[in-house]
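Note that the chains take the letters A, B, C and D in the order they are written out, and that residue 1 is the start of every chain.
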Amino acid sequence: MASTTNKIQGGFRHKLHTIIYEADTPAGRFFDVMLLVLILISVVAVMLESVAGIRQEYGEELQVIEWVITIFFTLEYIGRVIAVKQPLRYVFSFYGIIDFLATIPMYVGLVFPGSGSGLLLSVRAIRLLRIFRILKLVHFVGASNQLLEAIKKSRVKIAVFLFSVIVLCIIFGTVMYLVEGPDNGFTSIPTSIYWTIVTLTTVGFGDITPVTPLGQFVAMVIMVLGYGIIAVPTGLVTAQFMKDSRIDTNTQVCHNCSAYNHRDDAKYCYNCGAHL
Amino acid sequence: MASTTNKIQGGFRHKLHTIIYEADTPAGRFFDVMLLVLILISVVAVMLESVAGIRQEYGEELQVIEWVITIFFTLEYIGRVIAVKQPLRYVFSFYGIIDFLATIPMYVGLVFPGSGSGLLLSVRAIRLLRIFRILKLVHFVGASNQLLEAIKKSRVKIAVFLFSVIVLCIIFGTVMYLVEGPDNGFTSIPTSIYWTIVTLTTVGFGDITPVTPLGQFVAMVIMVLGYGIIAVPTGLVTAQFMKDSRIDTNTQVCHNCSAYNHRDDAKYCYNCGAHL
Amino acid sequence: MASTTNKIQGGFRHKLHTIIYEADTPAGRFFDVMLLVLILISVVAVMLESVAGIRQEYGEELQVIEWVITIFFTLEYIGRVIAVKQPLRYVFSFYGIIDFLATIPMYVGLVFPGSGSGLLLSVRAIRLLRIFRILKLVHFVGASNQLLEAIKKSRVKIAVFLFSVIVLCIIFGTVMYLVEGPDNGFTSIPTSIYWTIVTLTTVGFGDITPVTPLGQFVAMVIMVLGYGIIAVPTGLVTAQFMKDSRIDTNTQVCHNCSAYNHRDDAKYCYNCGAHL
Amino acid sequence: MASTTNKIQGGFRHKLHTIIYEADTPAGRFFDVMLLVLILISVVAVMLESVAGIRQEYGEELQVIEWVITIFFTLEYIGRVIAVKQPLRYVFSFYGIIDFLATIPMYVGLVFPGSGSGLLLSVRAIRLLRIFRILKLVHFVGASNQLLEAIKKSRVKIAVFLFSVIVLCIIFGTVMYLVEGPDNGFTSIPTSIYWTIVTLTTVGFGDITPVTPLGQFVAMVIMVLGYGIIAVPTGLVTAQFMKDSRIDTNTQVCHNCSAYNHRDDAKYCYNCGAHL
């Protein structure tokens, strides 16, 4: 009898798995679309709730929507834990943590009223990334992977670039602190560094601006530098994209010597001459 | 007799078609240039009308100009409908709708006084795009097509990029709302997201600026991120442009001397002079 | 005797030509360096004169410097006219006009006191471009030419791009004028277009900022658009640079069939097979 | 006996050299990591000291930390001078000067109280660059060198570009000074040039903004120009990166089947398997 129960459970679990984890069946597709819609509604609800006027007028309605979505997400989370064979592995995976964080804030808010809804939103926004799993379009996944790939490949160069920019900002921030001083808004070195980054990245808020001629001159140097430095990450990423898009090698591995990066039209291994 | 009328009408319609739709005859060319001039005058007129000082002084003159242009555009619209064989297809085409919208605002303004002139301008500006049909220069059309082509080909990647940017802005906007709060100008999450986009895109109005040290630190991260992220669309579009402009040599190999990388239109080997 | 005078004059003119137009002899080199120094002093003098404090204190000294430089430039101009064989061609050439404009403002200022020094500076700044003639370094000239070349080759595409940006700005400017209205700083459509360009180019002064939620939403769209659109000119210029730097063709022309753009290592014409 | 002392000294110097200059032994590695940590602590300490609130509360503790670090750096400097065979060459090298400047400010501050700590920070920040020597990772060094290499190779073009930008800014600054005048914030030509650079580099502080319609029009031209000009350095650096990363196939042709574009390290033809 235990075996029968097991079988029934196994069948139920399999069915659940198909609905929650696969987007190929009508039920799975419907589940994914509903999830997507609920995520978007939830994000918009949290946004609107933060607007004072709307909170006063529609606060209760938003609360109801939030609870409905939270209960659905809770059921979804329980379902995901049940549906997989290794529940712990899911629970501690990236998406498992996201799914858990998507349900918990409302319950936390029940215990500690007045808090949590802001955090909730960020988590929900990250949940949006899961939409890519639904889309399952080669185009999107391909493009997304290629983007990440290009950034990953240039990560050492980007790190060196970022390090140089930070060193530059520390030096220029200190110089500006010395030149302009606390009287002109450069109240401390951290504030000066903040101003330098605002200027170097060409954001230019204008909350702090140099007043002395020397300060304005240093600012000019920083601005022209920032204007030119932007070429570096752009050049890096572009060069990486270009390299990746010259489709001239494939992922084949030689059965004889394990050499890889063969030309797409290669018939023989370039390393040992074996037939591929 | 009906046949004769038909023929006359057919001849008239053909003549009208030549003038309105073709830029090859002197009459057609003159019509196109006049249209272009009138569109420009109309756009400038609407702009000037919005300036309070000019409206008070030259309001009536601008009104007269506007009516003259509207009547011309109305006649042009009627002419276009008559000149084509399938009028309905034109009426519901992109340019048909633009042409219709270019005439209607003034009549609407007659019925509902005081409104419509702003909308009119936008429609007129879109009409400016039709100028490309007049120019009929291979250069312009070619360049325009190539630009659109490059954007079209990268559209999936651009969509993924935009989606990532929006998700980032929602997350950072919420963080800034939590960190700075309504007292420092971050009155709601939508406002915080607006600030985040202002900062990430390096626009930096300065209408809202972080005041707390933690807020300034998060702002620095957003700014450096935005400074680096700009590399992605640039890299995508550049790589696309490069790909499109690359194919200029072929893979032919000379049968005599094994030289390769011949020009696409090469008839003789550049190395030994043998016929390819 | 006329012939002797002629010869003497010819010798004098030749010597003058060597000094003024050539940088190969010590005298010519000295002349060029002195010219460069005087141009820089003149530009700095005009800048300093515009600063109220400095003008009051050192006004007379700056005036003296200015007159000394003007007299030198006048002599140089007369020298250039005498030294060339076709004076009129020089007078109406680009540099002839610049040289003339560099001398005239002070004399104009003598006749109409109080004016001219601002214009003078602009002209002097343009004169700075003439420094490239002095440097006569292959590197500089080559680089400068390549830069201009790349921009020239992409000029049709850049024109199309600029036209699209202007049309976009007119449309968005009108939309913002409708959305925000004169009460929020968008006093007229031209002002709105000014704001739109400030925003689209990611400059973001912050003198005018959207206040209404809808206005802020449209602003977000404009900012993200501007952030993405910057990829287009960058992509165009980069692709052009890349194309130009793939040094694979030379300027040789086939003596037999006049075909050009041969490979650098080509020995035979690719079109007719003739020996190059 | 002198010889023995010499030998001992030599052994000591060799040991010191291994610890200070080499990161391969555990002692050397520990020394490098400690140095790195102390540099970071020192930079943070100087930053915090500039914040008025922190200086008042923790001023003495920061002073103690600073002195501990200064003494360590002094010992390190003396150690470096002793450990090398040619002390003078080290003392006057780039890193020798940096190391000296890293120790001196505190002693100077002892003699002239109240000064020096700002300068100290800049020097410390430059010291951070020495961290790259520690890391000794091929990746980092490689990336760093490639970045500098690409910038170095484009330096003539970058100089021409910068020169053109400066000339443009001088001209436009003068024009804006003429158009807007001292009443609208453009108090002098240097200030106008400062504003022009703020605008052209798309920083846009908003401390000075054009008010007159003509001034706003010139500002629009500057902004669109700046938006387009940014393409030039980006294009230059990208083209340079591309060129550097291109060489990955060779010009070898298979003697058996005439296949080409083999990998640089290919030993066998990818097409027919023949030995190359």
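Everything that follows uses one rule, which is that contacts are C-beta pairs under 8 Å (C-beta built on N, C-alpha and C of every residue); 3 or more make two chains touch, one makes a residue touch a chain.
In UniProt terms, the chains line up like this: A, B, C, D = Ion transporter.
On a predicted model such as this, the values are computed, not experimentally measured, just so you know.
A.B. asks: What is the touch distance from chain B to chain D, in steps?
C.D. replies: 1
A.B. asks: Comparing centres built from CA atoms, which chain ends up most distant from chain C?
C.D. replies: A
A.B. asks: With contacts defined as at the top, give the pair, A-B or A-C, that has more of them.
C.D. replies: A-B is joined by more C-beta pairs in contact.
A.B. asks: Taking each chain's centre as its mean C-alpha position, how far apart are chain A and chain D in Å?
C.D. replies: Taking the mean C-alpha position of each chain, the two centres sit 29 Å apart.
A.B. asks: Go ahead and note the Å separation of the Cα centroids belonging to chain A and chain B.
C.D. replies: 31
A.B. asks: Roughly how far is chain A from chain C, going centre to centre by Cα mean, in whole Å?
C.D. replies: 44
A.B. asks: Out of chain C, which residues touch more than one other chain, so two or more?
C.D. replies: Touching at least two other chains: 190, 193, 202-206, 230, 234, 236, 238, 242.
A.B. asks: Taking the complex as given, what residues does chain D use to touch chain A?
C.D. replies: Checking each residue of chain D against chain A gives 43, 46-47, 50-52, 118-119, 121-122, 125-126, 128-129, 139-140, 142-144, 146-147, 150, 158, 162, 165, 190-191, 193-194, 197-198, 200-207, 230, 233-234, 236-238, 240-242, 245, 261-263, 265-275.
A.B. asks: Could you pull out which chain D residues touch chain B in their complex?
C.D. replies: Residues of chain D touching chain B: 202-206, 234, 238, 253, 258, 260.
A.B. asks: Help me check something: in the complex, which residues belonging to chain B touch chain A?
C.D. replies: Per the stated touch rule, the residues are 156-157, 159-161, 167, 170-171, 174-175, 177-178, 182, 187-190, 193, 199, 202-206, 209, 213, 216-217, 219-220, 223-224, 226-228, 230-232, 234-236, 238-239, 242-243.
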